[in-house]
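Following are the structures in question.
Two complexes, one shared chain (chain A), two partners (chain B, chain C).
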Partner chain A sequence: MAALLRAVRAGRALRGLGSSKYGPPPAAASFDLVAAPAAKPECVSVKRGFRCAALMLQDESKSNKHVGQDPTAGTTQGESTSNTHADESTRANSSFQDESEEQGEEYETEEQLQGRILAAALEFVPQHGWTAEAIAAGAETLGLSSASAGMFNNGAGDLVLHFVAQCNSQLADILAEQHKQVQLGQAEPKKTADFLRDAVETRLRMHVPYIETWPQAMSILLLPHNIPEALKHLSTLVDDIWYYAGDRSTDMNWYRKRAALTGIYNTTELVMLQDSSPDFQDTWIFLDNRIQDAVNMATSAKQLQSTGEAVVQGLMGAALTLKNLSGMNQRR
Partner chain B sequence: MQRSAYVALHEWSQKAFPVIVRQRAKSRGSPWSSRCYSVVPPALDSEEKEMLDRILRVDHAGEYGASRIYAGQMAVLGRSSTGPLIQEMWDQEKKHLEKFNEILAESRVRPTALLPLWNVAGYLLGASTALLGKEGAMACTVAVEESISEHYNSQIRALMEKDPERYTELLKVIKEFRDDEMDHHDTGLEHDAESVSNNNFMPQYSVQYTFFPPDLGTWILAT
Partner chain C sequence: MAASVRTLFRRVVRRTYAGVSVPAAAVSLPSGRRWTPPSCRRFSHETGEKNTHFGFESVPEAEKATRVYQVFENVAQKYDIMNDAMSLGIHRLWKDALLHAMHPQPGTRLLDVAGGTGDIAFRFLDYIRSQKERQKRRVARSMQTPSWRDISDDYSDKDNREWGDAAGGGSQDGRAVVCDINKEMLKVGKEKADNMVVGDGLSWVVGDAEELPFADNQFDVYTIAFGIRNVTHVEQALQEALRVLKPGGRFMCLEFSKVTNPVLARLYDAYSFQVIPVLGEVIAGDWKSYQYLVESIRKFPAQEEFTHMIEEAGFDCVRYDNLTGGVVSLHSGFKL
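So, the complex of A and B:
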């Protein structure tokens, strides 16, 4: 156990990941404190070993905090050496710092680490496709072993879902920013159709760097075990767009609008896959037409309803007139 | 000077927006409400968000159903002597519904998908009990309001158990509405609802069983 820990730390020192954070004396002292709680179970496999290492690191950082004012010293040390190492190391330091502030959130650390690996893996997607190889390549750029791709049980599915979630939150940020601009009076509010078109276009443009491999990504999302989460992301996306478009309905229209936009988004995405026009002009024209269709349908439905009401009124009036004419309304 | 005012406003709105960065991975990226003041506090995590969502969705569905019940009653008894009374109670329900519409919209809560069902069912219930006469309509009102009050009470209890400080505003709203519903209940009792229980046919119990058991009903309403 102790030997494993030392080996991991030595490995980390070589890779420059957070090594500078632990000056010799405090670390040695805290190590004994860590040894007791760190009876992390049999770290046999590499995957679990890696996870254990991450947990050890976090435990150490926590106990470092307890032992002395090390974090501040550690951080400055970390920052000074960050110039020589990749930015990821300082981010790792500060992220581990932040995580050590919370109580026992090992899950957070792993999630963040997974997020970083997947973000790095996106670079290799054009080359390897949406596969575990891309994840492995991404892990290697972070200085981790390529075997850490085994951390992702869902493999390529994790990568695609992470990308989709990232795009959705980027779009939400953009829409929130625009919303703020409008509220501050610095921008004109757009008409609903224009807003929807711009939002969907912005979102679909995020696929452009990966458009060659996007059919593969879509098919991965259609795998049965990925469908629930993919649908969740899609519904979040559509709800965000409608919310910022100003929809505040609380009846069946809530469902109708989202269903319509989901249809528009999905069909436009499919069209984009086969579009070879410059800058996807055909796709945006298609999108425009579909939105116009939806708007027209809504207008027609409204007109139909008001016409129907008028017709009913007319019929009632006619019936009353007949009753009067035939004398049925008279009281004798 | 205008520019600095804009900047100040921007910074103020930045601070005031309840954006919680750390939880972005777990929850949606956008702030829960676009206004700084809202009845419902911004949820800290997805679990709380879900709990609040269910509460608000059920309440909204309940008020919507109640509104439709009164509409049904008015359709039958609107021109009788009890018309104004039912109209008054209906107006209060409409106000409740409006308030919940507001809350749902600003907290981005999904309305229940069964709204069309409650639309029809509520109207039919109101109309059919009104066909039994004024007593029938009042019995229906008593039963419905009793169930709703019970329901609001259990929600108040749940929220108080969790964190009364946090949900002060929401509790205020729910308490106010519960008091209104109790008023309707008492009004129904005043206006000869009890006389129906002497008959063999007991519409108020059939209405109560429609809403019973509360958990199942809540589950259905929250869909």
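So, the complex of A and C:
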């Protein structure tokens, strides 16, 4: 029954593809991949469509999430394959489901495909490390040849940066959700220090599955050609956390806060690498202490400033009094 | 008018080719047609056959394959020595660059078309062997400082050792198929393989790049090194490549191309047309073949145009890298 549904859907997709390009398709209902007609440019994209549809059928047979999916002509290829792995990559790309143009969709499909391969590669990282071998193994689970790992010119760098971006967007989603809860009144707003601590802890906990190989990942991020991208991700992360913590400053404090949080985050990350306590307790204690230090420094800076102002005012007053007493202040 | 000019051109060309003796009966075409001597070819263009380039000469398409076959038949024995002499050994670096870009994993199936003397296939097997060595060393190193989890796993299942490849030796090795239209070149390659300690995983197949004798979706990587400019219908070869590759498979083409730097281009042209045919005459005793070689390089489309052709054939993520300032370029595309 399921196979019949699949065949009907494939037939509908075929018919849809055919009508969108050139006239009615051949009558054959069987799914024939081999017979590609003479090399016309139009056939190229249809062939690609066939191949993607074949992949789609393969993926369908692996998953069972397709009951009631609506196959719009020409878009089934990209969206169904992306939906089966929607829980693997946070780039669910559901916004691309409405693309009905084949050209535009294939352009997106390449990046989607790369995203999927990298997401699949993450499960091989504990075994192979952050290397091109992990990407090749990930590609193989998707039914592609291991040679497709050659698509990533930066190799391991691409994998690490993809993972970092994925973690950052997950954190942003979690923080947005919490913010919404607070807005709706369903949760209490946290104090800044607690908020920062929770945010950094949540973000660092995402490294736990890969903590064995995380030193390798950090060293890859420090390679010269990866540094700009890595810094960009770090700065977006810190900015997001401060934004959801409620920071709307527009002066030097903006830079000071982000610099402080960057320092806290990086040092905590390094401590986590060498932490062998159960559930990384030592790391969270370290994080607490650092945040306390930052808060204390902020309050003592404020106190210093107000004390200094008070002292200066006092001195000015004393000088004025002296001038009055000595009679220098009189107008003659 | 045009016909008579063409016949005049042909007679001139034939006189310059007088030195090359071609035994008509001995040459067998892949499609089974007999090769007719040049005197009968005079009026073939009038029947409306399409012409293509053979070096700077224009020949009917049907004839190009034969002429190329003859060229490589003549040079097969001295092919490797001439490569070293002409490129001053740099061709080894180019081929190594191809392998590094490919970065094949153990278990990859390679099809090397126009592979001839097997340079790429040998390097491929070496690379895979060293990859496996590295993996073994890494596994051994990680076992030297086992975490408590590894130790407990070890106690539970002692039989499942992944890196002991007694069971799946063949499937984890790379396998390379060298395909060439020219039997002489394959013969030279096979002799080289016998002399080297290559082991198994290598096959030699006679086949035409425009009509490969393989089923669909067979290979992980398709390479063609310095061979695609000799193919009469390049688009057909590209489509055959697409056909035999698995989904996700990679097409890689190493080929001479247009030099970007004008100064270097002048030097390169001078070297190509003055030095190389002379080397060919001195070392291999064959001026004409190497004249054809340098002319065919000039006739091959430039990097961008070839990239476009590869994309038209259906490959994705097509890119190229220039090596040695554009003398050689490495094109790569994926079947997605």
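The criterion applied here is as follows: the second predicted complex is superposed on the first by the 226 of 332 C-alpha atoms of A that agree within 3 Å, B and C clash if a C-alpha of one lies under 4 Å from a C-alpha of the other, contacts with A are read in each partner's own complex, and residues count from 1 in each chain.
To be clear about the criterion, a residue touches a chain if its C-beta (ideal position, glycine included) is under 8 Å from a C-beta of that chain, and two chains touch if they have at least 3 such contacts.
Only a predicted model underlies this, so the values are computations on that prediction, with no experimental measurement involved.
*Asks:* Between chain B and chain C, whom does A:149 touch in the aligned arrangement: first, second, both, or neither?
*Replies:* second
*Asks:* Applying the touch criterion given at the start, work out whether A:243 contacts chain B, chain C, both or neither, answering first, second, both or neither.
*Replies:* It touches chain B, and chain C stays clear.
*Asks:* Can A:179 be said to touch chain B (first), chain C (second), both, or neither?
*Replies:* In the superposition, A:179 contacts chain B only.
*Asks:* Which partner does A:132 contact after superposing on A: first (chain B), second (chain C), both, neither?
*Replies:* second
*Asks:* Check whether A:252 is in contact with chain B, with chain C, with both or with neither, and answer first, second, both or neither.
*Replies:* first
*Asks:* Regarding the shared-chain residue A:225, is it in contact with chain B (first), chain C (second), both, or neither?
*Replies:* So A:225 meets neither chain B nor chain C here.
*Asks:* Quick check on the superposed pair: does A:331 touch chain B, chain C, both, or neither? Answer first, second, both or neither.
*Replies:* neither
*Asks:* What part of chain C is in contact with chain A in the complex they form?
*Replies:* Touch residues, chain C against chain A: 101-105, 107-108, 135, 147, 216, 220-221, 235, 239, 245-250, 312-314, 316-317, 332, 334-336.
*Asks:* For a test of understanding, state which residues of chain B touch chain A in their complex under the given definition.
*Replies:* On the chain B side, the touching residues are 6, 9-10, 13, 24-25, 28-31, 34, 60, 100-101, 104-106, 108, 110-111, 113, 115-116.
*Asks:* Per the contact definition, I'd like the list of chain A residues that touch chain C in the complex.
*Replies:* Interface residues on chain A, with respect to chain C: 33-34, 39, 41, 44, 47-48, 51, 54-55, 110, 113, 132-133, 136, 139, 142-151, 155, 212.
*Asks:* Within their complex, state which residues of chain A touch chain B.
*Replies:* 111, 115, 168-169, 172-173, 175-176, 179-180, 183-184, 186, 236, 239-240, 243-244, 248-252, 254-255
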